[in-house]
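What follows is a pair of complexes built around chain A, which joins chain B in one and chain C in the other.
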Partner chain A sequence: MKKKTFLLLLFILTMAVGIVIKNPFILNMLSMAALTVIVVTGLNLLLGFAGQISLGHAGFVALGAYISSLLSVKLGINPWVAIFVAVLASSLFGAIIGYPTLKLKSHYLAMATLAIGEIIHIVVNNYVELTGGPQGFSGMPMLSLFGFVLDNETKFYFFIWPVTFLLILLSINLVESRFGRAYKAIKSKENAAYAFGVNVHMYKVFIFTVSVFYASLAGALYAFYIGFISPSSFGLTQSIDYIVMVVIGGMGNFFGIFFTTIILSVLPNILTSIEDYWPIVNGLLLIFAMMVIPNGMKRLFSWIK
Partner chain B sequence: MLGGIIEFLLLKQSLPIGLSLLISATVVSLIAVLIHRLFIAKTKNATELSLIIMTIGISITIRGIVGILVDKNAHPVKPFLSFSSVSLFNLVFSSQYVIVIFSTLVLAFLLYFYLKKTLSGKIMQAVSMNSLAARLFGIDVGLVQMSSFAISGFIGALAGAVIAPISFVQYDMGIMFGLKGFAACVVGGFGNNNGALIGGLIIGVAESLSAGYISSSYKDLIAFLIMILVLFVKPSGLFASKDVERI
Partner chain C sequence: MDKVDAIMSIENVTKSFGGIKAVNNVSFHIKKGEIKALIGPNGAGKTTLFNVITKLYSKDEGKVFFLGKDMENYKPYELIGLGISRTFQNIQLIDEMTVIENVMLGYHSKMRANVADAFFHLPKNKKAENEAKEMAFESLKFLKIEDTANKFPHEIPFGYKRLVEMARALCIQPYMLLLDEPAAGLNESETNRLLKTIFRIWEQNVSILLIEHDMNLVMNCSHSIVAMDEGRKIAEGPPSYIQNNEDVLKAYFGK
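Now for the complex of A and B:
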């Protein structure tokens, strides 16, 4: 089956789920999962296709969330404009910060991105006058679409999932273009790609910027959906969660990651009784995935071409 | 973190400090060896990326287990010496700080001696430079890696145990120390122990100064800022001994 056909089927399925299920708790859970899918799809482009790790993605989500909320609450800018500006600013920040960072390799890259994420986290946590610090920040208005206010779980569900699918489609198109082939070359043999005239560094910076774009967009939408943001939602733990989802889903595999992300972001909500054990589960999943199934769930979806 | 926790548990059994220090460091280095045996050595076609991801997994697992087995609270550990402060040149130091500095110097000297003067230390350096070439010379690379895991576990545990009376013991105390340790290595240059020592000093002093002159809530920021600056400007570190790959 073609990737895009399968994507369309999935889209119809999620819409059907939205029509059948009326329970706001479940719809809310699935909408949150959609936001995570956006971040993880972006990270997948970076980690799965270009083979570059980022341990600071939660920081970029925070960037999108805080810039857009601050613009809209403090300056009274229209939410959509605020989101647009925030995503643009975050992506620009990603490009600037990515330029020197992506010259680094392996654990240097991991630590540098981790440090960037931590820096954003620390600033957000401590700049109390502006961000509210650990107390969080609220007062964001509801999003509205052509005069149609997204004020309950059902409406947001039908807004966020099409957006998510659009973004997945975008990333599939990106990967299957001439760009995508360059990334495959970079991932398998960087020097060879370089020798064939691929500007390895610029390609890496570009894909990093795209993944920051995804992360900050998800962050901004999250902020306006929940109406409250606090630094604790954008820490190292979340960055690692995103990595877990990409790895278990099978790096570079859109659908494996799609399902893994939904499962891993819904499960903790259902299994609240084992909340304390969740880090262990995550850790063991990572170890297990690296030792036994380095390709994650890729094989499960190998029939989608 | 494990070092500090185990030491805390042993001290609660009213074991003497020296003994509990030794036991906790030994136990942790055994755990490190076990981790290497069970996970790292068993990983098929390990790339650097997969090993990074795997060690992240291992560290969150250990944190999770300790968080449940012990608890998530911060526990105080009493200082090693009975008197709380010493004065030197009119400056008063807390006795535990003196112990920390002293043990750092001793460890740095021992490591230097081991890596430069003994055969097994030289072998370890050879493996770190080029493991394939080392293997061709008949060196058991797996064994060397395992012993380097044991040594780093031992030192890490000692550090955790020595710093415990200052910082309190908690299930997630290790993250910041680990990160700043890495930052110190980056600043000093990897594969260079003296450089790491100086890097740690630079970062520590910069942190304290920023806490004094700017704001104490931003002091953690400084370590990362310095690390990123060094990575961007001179990725091989200030006192580099080997090159960091850069395109």
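Now for the complex of A and C:
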């Protein structure tokens, strides 16, 4: 089966789930999962295809969330415009960080993003007058689409999932083009990439920027959906969770990553009794996945070409 | 020799790693339409010279000209656009791509679809993909390995991998082809087939610089040979001359 065919089937299934399930708790959980799928899909392009690691993606999610919220609440800018500006600014910021660090060896991006993620976290935590600090920031208006206010779980579900599928579709398109081949070459045989005309540095900067775009967009949409953001949602723990999802999902395997992300974001909500132990459970899951399924979920979805 | 006849000129190139001069003041020309061989024992500096020519390594001294252009001004990813293509001694196929996809990577630089075309799967992207696929398939057919198109590199024999590397390098129809030990690891019949293939490539007006360990192959297919040892050029001339050159024999069979 072709990737896009399977994606279409999944989309229909997701829509059906939205129609059948009326429980707002479950719908909310699935919408939150969709937002995570967006971040992880972007990270998959960077890590799964181009082989570059970011340890600060939660920071870019925060950037999208805070910039859009501040623009909207403090300056009264239209939410969509605020989201647009926030995502653009975050992506530009990503490009500016990526440009010098991606000239160097791979681990510099890991170190730089780790630092940036922490700095963003510290700034939103401490710049209390502007961001509300640890108490969080709220007051964002509901998003509305063509005069249709996304004011309940069902409506948001039917907004966010099509957006998510569209973003997955775009990432599949990119990978199934000459750029996908170039990134795979960059990941494993950089010399071949150079020899066949790939401007390795600029390609890395580009894919990093795209992944920051995905992350900040998810962050901005999250902020307007929940109407409240606080630094605790955007820490190193979350950055690592995103990486775990890409790795368990099978690095570059769209559907393995899709299901892994949904499961890993839904699980802690269901198993509330083990909430405090979630990091440990998560870690054990990672080890388990690495041992039992050596290629992550790759084998499970190998029938999708 | 006159620079005008040369497709590539290498002038006084030196490259050191730490204290070792892997390439030491090497100069020679490759004429348009010739097969030039670069021989020498292991560690002579042949691959290093290739990597300097293709700009994967920066050089310490010297100059390289391609069709009269100073290569100093080009980035490693711009060489393919000039018509210089290469294979690697340590095979550089991408394991997660099929053979045809690997060969299509060779056509990357000629594809006009940009990222927007790719993201939104616009007609331009589709057209470019089809064209690349066609060219890649032609390239595989030229090397008579088109039946491996949809296999992955780990599913084909070693000898075929070298041919896939060659198909990838030929995909854009280069002016100059650099082959780094294409016969290494091949059995006798595969080597004979390789010899014929090299001639067929040459017949397409491709100038070839061939690194080879296998003296027999080199003597049979090259117009001119440069011998290196310990970073230096020790001899240059037609096969008949190199075959009887004392320095070359010494380098190969002990001092």
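Note that the second predicted complex is superposed on the first by the 293 of 305 C-alpha atoms of A that agree within 3 Å, B and C clash if a C-alpha of one lies under 4 Å from a C-alpha of the other, contacts with A are read in each partner's own complex, and residues count from 1 in each chain.
Here, a residue touches a chain if its C-beta (ideal position, glycine included) is under 8 Å from a C-beta of that chain, and two chains touch if they have at least 3 such contacts.
None of these values were measured; they are calculated from a predicted model.
Once both complexes are superposed on chain A, the partners chain B and chain C fit side by side without clashing. Shared-chain residue A:N78: touches no atom of chain B or chain C.
Of the two partner chains, neither chain B nor chain C is touched by A:N152. In the superposition on chain A, contact of A:S188 is made with chain C only, not with chain B. When the two structures are aligned on the shared chain, A:T5 is found in touch with neither chain B nor chain C. When the two structures are aligned on the shared chain, A:H107 is found in touch with chain B, with no touch to chain C. By the touch criterion stated above, A:L174 is placed in contact with chain C alone, chain B being left untouched. In the superposition on chain A, contact of A:N23 is made with neither chain B nor chain C.
When the two complexes are overlaid on their common chain A, residue A:V200 makes contact with chain B and with chain C alike.
Touching more residues of chain A than its counterpart among chain B and chain C is B. Geometry note, superposition on chain A: angle between chain B and chain C about the Cα centre of chain A is 80 degrees, to the nearest 10.
Between chain B and chain C in the chain A overlay, the least Cα distance found is 10 Å.
The residues of chain A shared by its contacts with chain B and with chain C are 194, 200. Those residues of chain A lying in contact with chain B across their complex are 51, 53, 55, 100-101, 103-108, 110-112, 114-116, 118-119, 122-123, 125-126, 190, 194, 200-201, 236, 240, 243-244, 247, 276-280, 282-287, 290-291, 294.
Note for the complex: chain B touches chain A at residues 39, 42-46, 48-54, 56-65, 67-68, 175, 179, 182-183, 186, 215, 217-218, 220-221, 224-225, 227-228, 231-232, 235, 244-247. By the touch criterion given at the top, residues 170, 173-174, 177-179, 181-182, 184-185, 188-189, 191-200, 206, 252 of chain A touch chain C in their complex. Residue ranges of chain C in contact with chain A, taken from their complex: 54-56, 75-81, 85-86, 88, 92-97, 101, 104-109, 111, 113, 115, 117-121, 125, 128-129, 132, 168.
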